[in-house]
């Protein structure tokens, strides 16, 4: 159980009181007021009756959820129930697939990110993503990889500032000591765990509001996994974090809020079954399906 | 060797069925060669080519019969056919070896300093090929300048943009373009310029246009291949950082594919540098060095080789020598380009983990 | 940085310039695609326009004094004859060479051997022409004399055998060598992609290697071989310089492969006559070029159709 501030505990109690069992079975978390003083840059991502399609295929149905600031929200569930699809809609990566469609609302701090005139590129600068398999840019050095976000989206940053940002990001990602002498070497010479931390450093270097992580440890060994989980716990004080994971133990270790996705049968859309504090979901969930999943009866 | 009559074949007996020794095929070939050589010499019609072909045929038959008597007909067929395939491969390679040998033998004497540095202007029955070499470089260079941007952008369109109908149509038409005969490309360039400037015109740049028609589809094909290999998760990593699409292509996709793109262009150049037909009908034949593609006729190595053969000067053999020397130069350039291209690719390619 | 609300950031960035970089770039890309289409259309169009004068002209004003059809028909005959013989010779050899590389040669040599076969494709056609007339032609004279003597009853070998080797047979042989790497590359590709489980299944039944090849590899590769052959055919139809140099042309339409009197091919005819032609003669040659374009187009489209049908199954 991650060390929780008092404010978080108070929320957990609120969540424990009665999930609604109806078509939109998700809880509105009493979010922290925006612009919370001790968490610079963390914001709230909320969805309302979100439906996601690939062409005619209905992949995700009616998700209403709030991803709260300064918390780690874990999205769990069996394979194929739409967790990753849902995650990718949060930074408008879903629409990159041909035929993909979004219905419903996603708001970042109250602003609908799918509104007309909103530039998806801008959304992605505010909502960052770390992928399942580490993907540092192979033609760039470690330094350039971390600075890639700054270089590629045209922010004019002086070299000295850039140096600062790169070092800060690498320190936050707990990678600085290991690479500080090889900043100009290629990123592909690092181990898997180091590469993933490099990708995290790259993602946080642009100071997004929200950080999305899609099974960030599934390609890593247990030691590297634990290092990344520690890192995630630290990062939540600065960012809003949502992480998709297959690994229930990881969800239990690293997250504050857990959302359980499920799919009734193959071919049906994935649904959000229950969301609540991690402790509640794992010890006394309200839905039978949730109970079955977390106790290992399926998935 | 077969089992004695009346006994049931046991596994052991089956496995022990005779096998030819491992050196059997070589003996068959060697013995046949000797026999054929003897027969040819006796008939007074000896030639290397005849020796090789007849040996191949005879040894297949000999090996078949020998194997059949020891190993059975299935293995015999297998051996004989294998030998035939090996011979066929040798037959397929023989022209290459003969060609390389002959070109080197006949071209080397002509490769003098004079050949490389002097033009044929004002020299009766002599001179060099400098004008042709300059022309080749200029015409091919301009063709590359035209083809590479268009071809690369079209390949980018096909792999990074392009939805449905336009993309399929384009792929189809690129396929069609790869099949255009080189002389037709030359006629097109001629027709294009004739319609604009009037008939009878001959310009270096016309040759470049003709070569571009041939080069563009090659560049598109090879660039497309290389761009497709760039893994999609790299593009996604860039998008997730808030990078606009064009920047992703320019700063992530193209650098990652760079070595492959360069190799593709070099191989495309190697393919068209030896084209004669389109240049015969566009750039004309001239004796002096002309390095301005927009002014007048321009010579080039391939056409030079052809015209030295076709209209030899007073000293026929000297002209033929020059033709061979030009041919040798062409082959050398093509081989070097191919080798360097592969080297560049292996050395500079981006390893994707 | 407790900065402005994310909503305000988004609102500020939106409503206006859709990034101009993206727009310029994607327009460039589309423009390139359109250029290709325009180029192809242009080839057909310009050739058509320049051929028209010859189509509508009086037969006695055309070279040879015959009608356009009478002028082009023998050329078509020669083109198809040379290319067909080339394919007939090249395809079995190419398939055998491909089999050798994909299934028989020692694994370590495969790369080098493939490279050598591909080298055949890198040689410029003018070099093949010179080699054909100075080396292969003279060397083939003996064979052609033997063909006339022993097989002269077959129309192909009627003779009299040329003494210089500048015959349709030699030209076709050189064409065969030129297209062999194309066919072989296609065949090699498909042979090495024969599913392992098919091949292993045959071997597990006790088949010899040749039987396994015959049962699995060849049937699997059949349509690719055919389409490779058609690609080679397309190439042979359009080949110019080798034929121009080697063939001694008299314009007669005949199946006789070993004599001095041969039909020309469209491409060789253009190469020979164009440099000195003017006026209507030029238009006639361009018209013949258009016919060649049409023939190769049909051949290549057929090849692609066969390949795509193979991919669909």
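To keep things simple, chains are lettered A, B and C as they appear, and every chain counts its residues starting from 1.
Here, a residue touches a chain if its C-beta (ideal position, glycine included) is under 8 Å from a C-beta of that chain, and two chains touch if they have at least 3 such contacts.
As the structure is a prediction and not an experimental result, all values here were calculated from the model.
J.: Which two chains does the highest number of contacting C-beta pairs join?
T.: So the pair of chains linked by the most contacts is B-C.
J.: Most remote chain relative to chain C, going by C-alpha centroids?
T.: With centres defined by C-alpha atoms, farthest from chain C sits A.
J.: What whole-Å value do you get for the distance between chain B and chain C if each is reduced to the mean of its CA atoms?
T.: Here the centre of chain C sits 13 Å away from the centre of chain B.
J.: Report the inter-chain centroid distance for chain A and chain C in whole angstrom, where each centroid is the mean of the CA atoms.
T.: Measuring from centre to centre gives 55 Å for this pair.
J.: Measuring from the mean C-alpha position of chain A to the mean C-alpha position of chain B, what distance in angstrom results?
T.: 52
J.: Can you list the residues of chain B that touch 2 or more other chains?
T.: 244, 247
J.: By the touch rule stated above, which residues of chain A touch at least two different other chains?
T.: 121-123, 126
J.: Touching at least two other chains at once: which residues of chain C meet that condition?
T.: Chain C, residues with two or more chain partners: 19.
J.: Can you check the complex and tell me which residues of chain A touch chain B?
T.: Touch residues, chain A against chain B: 91, 93, 96, 98, 121-126, 128-129, 131, 133, 135-139, 148-149, 151-154, 188, 195, 199, 202-203, 206.
J.: Could you pull out which chain B residues touch chain C in their complex?
T.: Result: residues 45, 47, 49, 74-75, 77-78, 81-82, 84-86, 88-89, 91-93, 95-96, 98-99, 102-103, 106, 149-151, 153-154, 156-158, 160-162, 166, 169-170, 172-185, 187-188, 190-192, 194-195, 199-200, 213, 216, 220, 244-247, 249-250, 270-271, 273-277, 280-281, 284-285, 302, 305-306, 309-310, 320, 323-324, 327, 330-331, 334-335, 338 of chain B touch chain C.
J.: What residues on chain C touch chain B, complex-wise?
T.: Residues 19, 21-22, 24-26, 28-33, 35-37, 39-40, 42-43, 46-47, 49-50, 92-94, 96-97, 99-101, 104, 113, 116-117, 119-120, 122-131, 134-136, 139, 142, 177, 180, 184, 208-211, 231, 234, 237-241, 244-245, 267, 270-271, 274-275, 278-279, 282, 285-286, 289, 292-293, 296-297, 299-301, 304.
J.: Under the touch definition given earlier, write down the residues of chain B that touch chain A in their complex.
T.: Residue positions touching the partner: 163, 231, 233-234, 236-244, 247-248, 251-252, 255-256, 258, 350-353.
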